[in-house]
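The same chain A turns up in both complexes below, where it pairs with chain B and then with chain C.
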Partner chain A sequence: MKSLRTSLATLSLAALLGGGAMAAEPIKIGVVTPLSGTYAGIGQQVRWGLELATREVNAAGGIDGRQIELIFEDEEANPAVAVQKAEKLFQVSKVDFLTGTVNSGSTLAVGQLAERSGKLIATTVSFADSITGDKCSPNVFRVNAKAGQQSAALAAWLSKEKPQAKVFYLGPDYEMGRSTVAAFKSNVDRVGGQSLGEVFAPLDSKDYTQYFGQLRASRPQVLYTSVAGNDTVRLFTQLDEFGLLNNLTLLGASGTVTAQNITAIGKAAEGFVTGVGYSAEIDTPANKKFLAAFRAANKADPDLYGADSYGLIFAYKAAVERAKSTDADKVREALRGLKWSTPQGEKTIRAGDHQAEQIMYVVRVSDGKFKIVGQVDGPAAIGPDACTRF
Partner chain B sequence: MLEYAQFVLAPQIVTGLALGVAVILVALGLTIIFGLLDVINMSHGEFYALGAFIALALGQVGLPFWLLLVAVPVLILPIGYAVERGLIQRVFHSEDRHVTTLLLTFGFGLVLEDALRLTFGPNPFKPETPIRGTIEILGTYLPLYRLFMIVVGGLIIAGTALVVYRTRLGAMVRAAAFDRNMAASLGVPVERVYAGAFAFGVALAGLAGVLLAPIYSVFPTMGRDFILMAFTVIIVGGMGSIGGAVIAGLFLTQVQAIASLYISPVWTDPIVFAIMVLMLMVRPQGLRGRLGHA
Partner chain C sequence: MRDELTIKSHAGYWLAALLLLAGLVVAGVGFATGDVFYLRLASEALIFGGLALSVDILLGYTGLLSLGQALHFGLGAYVSALALIATQSFWTAMGVALAAGVLGGLVGGFIANRVRGVYFALITFGMAQVSAKVVYNTRSLGASDGLIGVPVLDINFGFFSLSSASPTAFFLLALAILLLLYFLAAYLLDTPFGRLLIAVKANERRVPFLGYRTATLRLGSYVLAATIATLSGALYPMLRGFVSPELLFFSTSGNAVITVILGGAGTLVGALYGSVLLTVIKSVVGSWTEHHLIVIGLLFMVVVIFLPNGLMGLIQPGIRARLARGGRR
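Right, the complex of A and B next:
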């Protein structure tokens, strides 16, 4: 035991000396993201986006001459596992910065750990408004669009296309469902729409037909829903089966219709509209260049998660070069108010709550593909700063 | 008031009826297997999923839906027969039969579910609905396919009851359920009757899978959807009773349908399970007696 400890000490001493002797130590970025399980598809996009950006930055000389090194850990979309893996990255791997968390619970939990450890993290995926709202942290940044920005974009489109629309809400009965419906409802009220009623169905409902009576009786023009995955398949196809899709516009959260379920939903998804922060359809030179590089590297199209993760590396690079250090306090100051360019356009990190402000896009399904039908400027979508901690 | 009845209450009752038929179809095979073999088939839901996936695969190579309604149960029959003879029969005679068969079928269900996931992937599929359009009855809209399902489901249930209670084959089955040894000594091939009844039960589950796939979509874990409700139905209806399953199935789905109008739908499951608990306390044998006993 003693000899083991001695040799370990020798080893770490040697490592320290060795590290000090190296010319330019790499900047280590920890990535705690789901690489297995239900959210593995999202984790895959996060990984692809980060790796592509890292290769590009490293090839162009790195950050102030230092190469970026990514260290991945599987969070299994489980906050408890995420905290454990993040702790390991902070303490053992001594990462300078951390990202990748998908589940909003993981982001909040890892954020608390970052605060205790004096490190900075950023999420490129989590939607929950609270992350940069009432549960904001001086050590947590978000470079993707939160639920509120998605809702705001959608509501702005709604007020233009269908002024004074009569809206009915159907959400899954848990935190995400209730908060997305509440967010969109307040946006509808703001733009002068009329809310007719809301129902919350259990997650994994077999049959949504039991709500169709209320739906039909209230005669809505618009149905907003935030169900996801297979629940969307059932809801949409059952609406179609009951002939309810005629003269009804379907709106939803950006996770409602995805590449995973759009084929199964088929024709019933036609005309579905949602608000997102990124679409492969964005017609700018920056996005075309990103698209080509992403496709060449991964043989797949980027989605919002891939694009936002790609963009993060450039934000961190800009901040470190501005701060001339990887020290958490200095980088935090540099990130606050930072403007940088990403495939989807220029983003700004709002100093007051660490939420990225960005153009929001409204996309609609036509012929089984998402097409951009509108956009909302960053300041209009981001909403008031609700963070009171800093 | 009239508008409420027409737009809210009536559709609720009618779609509740369609759901009731779906639940009974899944419960039917379960109750026959329990009534006859005294085996709680935990893999029943996975046979329901298997039926849906076979229908999906055959549908993709171009077989028409109407043919699938016959072909899928016929394909599942030998699978069910082999599972009974090869697996269940081996642990059937042990002292604690209920535990061993329950664990065996539970494990088999897990294997089947994973096999479906490996073959078809985790994402959902949605077969085309064979009959499109809705029909208006007294101002209440009902999709034609649901109407079709209620009618065909009703016919299947009636046909099954007819076979069990009115044919020579059914008499053999009921005799084997009532007294295994006496039936065997009178020349009933008990082992084959058991395997045949299991195969018939899971083929019914597969048929339910074909019929319900266009409504509920197809994915590897779909077997878990109906299984709790199906168990509740056969417990309330009386384990092994076909009539009891029909009454309980229709009653419990109506309770859910009506209750969800007044309380959060999340709470309709606890109500149904509370009815089950009450039933177990007051009348543990259920509404109707066991197969072969009533």
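Right, the complex of A and C next:
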């Protein structure tokens, strides 16, 4: 009897020690993100955000005493490469969790791989509604705002500022341009605005003046556009040169005016309004602390990608601590309905479609800088749960 | 009679047999260790090897540089993905891909073969870019997001069946199909048709004086290459479960050309070896540094300058010499 008890004690001690040894092992998070090519700038922000959060969590004792280890792979913004690299991280590096995918195609393809491999992923960048909509997966989470949230926030602001606004739409003529215009149009119709007409200009158009006749004839109060990059520069300066910006409010997608083209647009960008999930202007102690730490570490300001990626690590930490495990099924349960705080305020992961609900900000360009002019509560912006798979 | 070209193609057969042997060893080791990643990476290398093989038929034999072979590869991938989502049948997918390959080859060849030299390269490049843009903007094809949800297959061979979810089984299937395509191409290029293609490459103006229509020869070579590229592409969604417009982009076509140069143009089997080598290098170097494109670029330059016949230029002379000795005996 006594020997049995001793051996039991030894066993449980061994189990404890074993458990201790297990706990000291780092938690591996794979990051498949574009480190080269067109999207390298976004990948850089993702990397800075994740690394900063990881340093902070590790310095504070890690997740349940386990340190976080990030393993980076370059996906070249190509789904075929992303899937191959993700499989390497899942199978060879045995990562517990994966994030970093930027273009929606990569997120969808890697999400399917995760589902077939029994792992979890989260995106902090991709904004295609389908990821947490009709193509949702039980193994995919999104902690950034989707396109629908940005557009709903903007429409909510519009209905408050300019009730029954008359809106004209000008989009780039490709699939994404048409779908962003269609999404904002349905939001405008929902809040009681009036849609006057829409035109689509080819990508890289040099001359937008051919559309100005139609634009003027319909007498809009608001012009919504989802062109991006240098197209925005040309569109806005030509609107300005033709004197069409008087009494016209410019609205747009979050990628229409960015830090990259705002200087080139110059004064024509004044008054441009868009909806975003993060702005460095957010005036909260949490954001000020994050800003200072991010600037000190990277000598650059965070953008929404950096901030959302930073926030993800804390969501994963909270979920693992709640689940007391890194097992995919347990962490999935813990992530569902999880509330956690991020630089842009509290976020909640909706259990029905794995989309994070968050306060959305409406920002306007004044003196060449984005200033927050309004905010829309999470529930008002997130829209209905369109995921039917789980 | 054993001439230089016969010896060359026999050397290719030996190297293909060696590849088969190496593949079987890899499959055995992979199966024993329960590996997933490396077997699937090797399957992907073989699939892209098929694309390179088709580039080599055009470049190494007929002297036509195609910068848009991804068009046919992507066509196969999309056609196969749509067929698999609709019917979940491997044989239907391959059948549809075969038809699409021949048809796509006839149409593409008819357009591209109206011009020669650098214009051929530009036309093939243009056709691939146009198709990529069309796919990129067609919502029913998934547009920029591509198509996910290609089902895991049970491939029925009558007396046995294998699952595309098993890395070993699918690797062996890919190995079998790619070697089959290789032997088919190698056989056809060893016939008088193949000799005529080499003649077209050497001196296209002279071939009509021998009584042959070069337009037919060039079209035949294009259709053969397009069909092989399409059938290889058809395997991609079975392996990865999705297709995306990036498969039709220039990066895919460009990679195939680099693969052929690396492996050795005009050797056929070099395309398969080159693909395995390039895939391994990309995977290893890509994890090590984000400047992997510089490494690949430097490697390409070194090969072009110091190994004009590629990897096969290093290995084949030895085998050829041995075969020639055997022939005299």
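The rule is short, and it goes like this: the second predicted complex is superposed on the first by the 367 of 390 C-alpha atoms of A that agree within 3 Å, B and C clash if a C-alpha of one lies under 4 Å from a C-alpha of the other, contacts with A are read in each partner's own complex, and residues count from 1 in each chain.
Criterion: contacts are C-beta pairs under 8 Å (C-beta built on N, C-alpha and C of every residue); 3 or more make two chains touch, one makes a residue touch a chain.
On a predicted model such as this, the values are computed, not experimentally measured, just so you know.
Chemist: Looking at the overlay on chain A, is there a clash between chain B and chain C, or do the two fit?
Modeler: fit
Chemist: Quick check on the superposed pair: does A:92 touch chain B, chain C, both, or neither? Answer first, second, both or neither.
Modeler: second
Chemist: Have a look at where A:373 lands relative to chain B and chain C in the superposition and call it first, second, both or neither.
Modeler: neither
Chemist: Once the structures are superposed on A, label A:73 by its partner contacts, choosing first (chain B), second (chain C), both or neither.
Modeler: second
Chemist: Touch test for A:36: chain B only (first), chain C only (second), both, or neither?
Modeler: second
Chemist: If we overlay the two complexes on their shared chain A, which of chain B and chain C does A:104 touch? Say first, second, both or neither.
Modeler: So A:104 only meets chain C here.
Chemist: On the A-aligned overlay, A:265 touches which partner chain: chain B = first, chain C = second, or both, or neither?
Modeler: It touches chain B, and chain C stays clear.
Chemist: Could you tell me if A:230 is touching chain B, chain C, both of them or neither one (first, second, both, neither)?
Modeler: first
Chemist: Chain B and chain C, closest CA-CA distance after overlay, in Å?
Modeler: 7
Chemist: Please output the residues of chain A touching chain B within their complex, sorted ascending.
Modeler: 173, 199-202, 204-207, 209-214, 216-217, 229-230, 233-234, 237-238, 241-243, 260-261, 264-266
Chemist: Taking the touch rule as given, give the residues of chain B at its contact with chain A in the complex, in rising order.
Modeler: 3-4, 7-12, 15-16, 18-19, 123-126, 129, 132-134, 141, 143, 145-146, 215-217, 219, 225-226, 256-257, 260-261, 264-266, 269
Chemist: Can you name the residues of chain A that touch chain C in the complex?
Modeler: Contact set of chain A toward chain C: 35-36, 72-74, 78-81, 83-85, 87-88, 90-92, 103-105, 108-109, 111-113, 116, 128, 130, 135, 174-176.
Chemist: Taking the complex as given, what residues does chain C use to touch chain A?
Modeler: The touching residues are 35-37, 40-41, 44, 136-139, 143-146, 148-149, 152, 165, 240-242, 244-247, 249, 251, 283, 286-287, 290-293.
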